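Following are the structures in question.
Two complexes, one shared chain (subunit A), two partners (subunit B, subunit C).
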Partner chain A sequence: MRDFLEKMMLIDRRWIYLAIGLAVIIPAIKSFHVPVAVSPEVRKVYEFVDDAKPGEYIFLCFDYNPSTMAEMNPMAYAILNQAFNKDLKVILVTLDQFGAGMVEEIATRVAANHKKVLGEDYCFLGYRPYPAIVILAMGIDFRVPFPADYYGTPLDSMSVMQGIKNFYDVKGVIEITGGSTADFWIIYGNGRYDFPLALGLTGVMSADYYQYLQSGQIFGIIPGVKGAAEYETLVGFPGEGMAQMPYQVIAHIVILLFIIISNVAYFASRKKKGKLGGGV
Partner chain B sequence: MTTGQLILNGIAAFLTLCIFSFLYKDNPFYKFAERLVAGVATGYWTILLYHTNFTDKVIEPIFINGQYHYIIPAVLGIMMWTRFSRKWSWISRYPIAFYIGIGSGVSITVYLYTYLFKQLQATISTPLTLDLAGLNVLIIVIAVLSALIYFFFSSAHKGIFNVASRFGIYVIMIGFGAGFGLTVMGRVALLVQRIIFLRDYIVALFGG
Partner chain C sequence: MKRELPLMIVLIFGTFMAFQYFVPHRISSDLYQEFNNWTIIIGIFAMVVGIGSLISLHYNRIKFKKPGWGYSTVTIVCLIGMMSIGLIGGTENDLFLKLYRHGLAPVTSTMFSLLAFFIASAAYRAFRARTILATLLLLAAVVVMLGRVPIGEILTGWLPRPLQFSEISNFLLYVPNTAAKRAIFIGVGLGVAAMSLKIILGIERTWLGGEGRK
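And now, the complex of A and B:
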């Protein structure tokens, strides 16, 4: 047994990749339902949008690119679906250089499903470089960094932007990001203009932003694909987030097994070295 | 799925497998896909910056709208390019100084407010009460102080200081553990999204 455990300590990492690769194929062949418990920080974001009255404005910032779309897209779809379902007016923007095409695709698809019209029910401002400067400028007037929208239509000529000047004219900002723009929104957005801000984050980033939730600088967090699945549960729109949950369960079981085996093997080999006089 | 979509998704599936092949070992297929991504991204961003920055911040204001004050930032931008000449590189210090000056002025107050004052306020101003919320606040205060003590090297970690320092390292490890768990979830999400994409493509291709 001990020899087996010692061999496990020296296992080629490619066997681990293969094990996880094979494990995640199981739900691809035969999926199963995973119940999702909703956490308070996700519920707060949902309730914030749900409490808005028809015709109220929310500002959505989708600052991510294809490298994180697996986690971010489900959140974007769920929130946009909820907003259009509630007949809210939506202002969209992206501060990620590779985000504009994806945001346009998501907005166009969801808007078409809800029969919403560009320029009347929603507006996609597009992309501008240097997030901090753009956020500060939008706090003065959306027209400063974006005199025209993504398609080149002047903001003043759109009915959806009539009387809407800056962040004080929207109910709040929901930022979905896979990068450092979350910091820019906290510092230059909430810090400078003090508007309600919520974050949708990748799993990697989430743990670093909970202190802002506790301090009240943000009112909610959607953490990674699990958060997206929670949001989809609340909205009643099972999408990619929920679809990923069976895969996550299987992959996590395999990873946990490897962690347990490697720890047992580590302590067993340490004990043996100790007996031989070469202990740590 | 139309024939055009099948071809495009076929290219995407091929490139996905090229990237996955690196898990076995480095190979020409991986190198091709990696360089293709880097090349496309660079080309895309260059053109994007031209249209979102150069066109509407330099060409249109100065040459079309006659807003000649835009010449000042344009000249400052051109001065940055003197970095490429040893003889003239000193000129680039002026726009850099300008940039750092503005950046510092704008950032220092909001950074202090966001990262220091608001965080300190949240840690110390919440009242201690005899319920779960109060216990939560107590844990936060003790955890923050213990973690800070772990990094305080100006006095020896002995006695109560040692106890707090030991507790601090456990607090830090819990933080790292939460980060690791969420990172695993994020990485698995990336894998799963590609697996679902490949499955859907195979189903579309063979009509399974």
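And now, the complex of A and C:
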């Protein structure tokens, strides 16, 4: 047994990859329901949108690219569905060079489901490079970096943009990102223009941003696919976030088992070395 | 002059950008916007330099059949192909969108998905209770990981609230994590301010390259 545990200490990483690969296939064969408890930081984002009155404006920034869409798309769908359900006016933008195609697809699909009209109920500003500069410029006037929307329609000719100049005319900003643009929104957006800001982040990023939650620079966080599932639970719109939960549970069980095996093997080998007069 | 001119430009524009933040006047804001536009234009030149450098690097790899030259061919073909399709047909062009949705999107998603495998392998090797500090890292990592995912709720949901993984995880994130991060960020912020000041005043000149050395 001890020899086996010692071998486990030096296990080829490809066995670990295989175990994870096989484990995540299980929910695809037989899925199961995972209960999701809603965390306060996700509830705050939901309540912020839910408290908005019909006709109020919300600014959504989807700064992610296809690499993180499995985590971010569920959040984007859930928030957009909630906003359109509440008859809010939505301004969309992306500051990721690969984001425009995805945002357009999401916006078009959700808007069609809610019978919302481009230019009347929502608008998609498109993409501009250099996030910090674009955020600072939008704080002056959305028309500075985006004189026309993604489709080339001048903002002034769209009814949804009448009387809407900058961040002071929207209820708040929700930034969904898989990269560093969250920092730009905190520093150059909230820091300079002091608008309410919430973040939707990948699971691996989220721990880095809790400090801003405590300082009040952001009012909510949707962390990873678990956060998306929580949001879907609140909105009553079970989508991709909930569907991904069983995969996440299984993957985490496997990782946990590996950590336990690794430590048992480590202590077993240390004991043996101790008996032989060695040390660690 | 080759050295003094860039230093002068940095002094003037750096000082202006620092002061304009505190001047809520239209002229200040207009000038600021104008300078931001310049930054975008200069950035586009940098992009041209970047593309040129990328092509030159991969062209040489292909030309001299260096190891991995096949990947360089793929890079060049994809770069020129996507750029040409986008420039000729526009970004709303059907072929461009198909390449984006059925080429770029699955490839980049696959790359990100590999993270799950690397994390599992890294966790297996790194989270061993070798020392007291390593044990602390292991415990914190396991608790935060389990506290942020449903399995943590399943495992400890029956315990009193302060003992649940989600609660301990929240404590770790809000208290030690925030305290450490804030200290680091304040340090970084002060460092950035000091370095910016040194650059604006011409004390720090390494950004000038070889010409800047005294």
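What we mean here is this: the second predicted complex is superposed on the first by the 280 of 280 C-alpha atoms of A that agree within 3 Å, B and C clash if a C-alpha of one lies under 4 Å from a C-alpha of the other, contacts with A are read in each partner's own complex, and residues count from 1 in each chain.
Definition applied: contacts are C-beta pairs under 8 Å (C-beta built on N, C-alpha and C of every residue); 3 or more make two chains touch, one makes a residue touch a chain.
Treat the numbers as computed from the prediction; the structure is a model and nothing was measured.
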- [ ] Give one word, clash or fit, describing how subunit B and subunit C relate on subunit A after superposing.
- [x] clash
TODO: State whether A:G216 touches subunit B only (first), subunit C only (second), both chains, or neither.
DONE: first
TODO: Report for A:Y266: first if it touches subunit B alone, second if subunit C alone, otherwise both or neither.
DONE: second
TODO: Examine A:F59 and indicate which partner it touches, taking first as subunit B and second as subunit C; both and neither are also allowed.
DONE: neither
- [ ] In the overlay, answer first, second, both or neither for which of subunit B and subunit C A:F84 touches.
- [x] neither
Open item on the list: Is A:K226 touching anything from subunit B or subunit C once the two structures are fitted on A? First, second, both or neither.
Closed with: both
- [ ] Scan A:F98 for contacts with subunit B and subunit C and give back first, second, both or neither.
- [x] both
TODO: Identify the partner contact of A:I253: answer first if only subunit B is touched, second if only subunit C is, both if each is, neither if none is.
DONE: second
TODO: Quick one: classify A:F184 as touching subunit B (first), subunit C (second), both or neither.
DONE: neither
Open item on the list: A:F237 in the overlay: touching subunit B, subunit C, both, or neither? Say first, second, both or neither.
Closed with: neither
- [ ] Using the superposition on A, tell me which residues of subunit A are in contact with subunit B and, in the other complex, with subunit C.
- [x] 17, 20-21, 24, 67-70, 98, 100, 129, 136, 192, 203-204, 206-208, 211, 214-215, 223-224, 226, 248, 251-252, 255
TODO: Flag every residue of subunit B that touches subunit A in the complex, lowest number first.
DONE: 23-24, 41, 44-45, 48-49, 52-53, 56, 106-107, 110-111, 113-115, 118-119, 121-123, 140, 175, 178-179, 182-196, 199
TODO: Flag every residue of subunit A that touches subunit B in the complex, lowest number first.
DONE: 14, 17, 20-21, 24-25, 28, 67-71, 97-98, 100, 126-129, 132, 136, 147, 186-188, 190-192, 202-208, 211, 214-217, 223-226, 240, 243-244, 247-248, 251-252, 255
Task: Residues of subunit A that touch subunit C when the two form their complex - done: 11, 13, 16-17, 19-21, 24, 34-37, 39, 65-70, 98, 100-102, 129-130, 133, 136-137, 140, 144, 192, 203-204, 206-208, 210-211, 213-215, 223-224, 226, 245, 248-249, 251-256, 258-259, 261-263, 266-267, 280
Open item on the list: Please output the residues of subunit C touching subunit A within their complex, sorted ascending.
Closed with: 21, 29, 32-33, 36, 39-40, 43, 91, 97, 100-101, 104-106, 108-109, 111-113, 115-117, 119-121, 123-125, 127-130, 138, 142, 144-146, 148-151, 153-154, 157, 166, 170, 173-174, 177-178, 181-182, 185
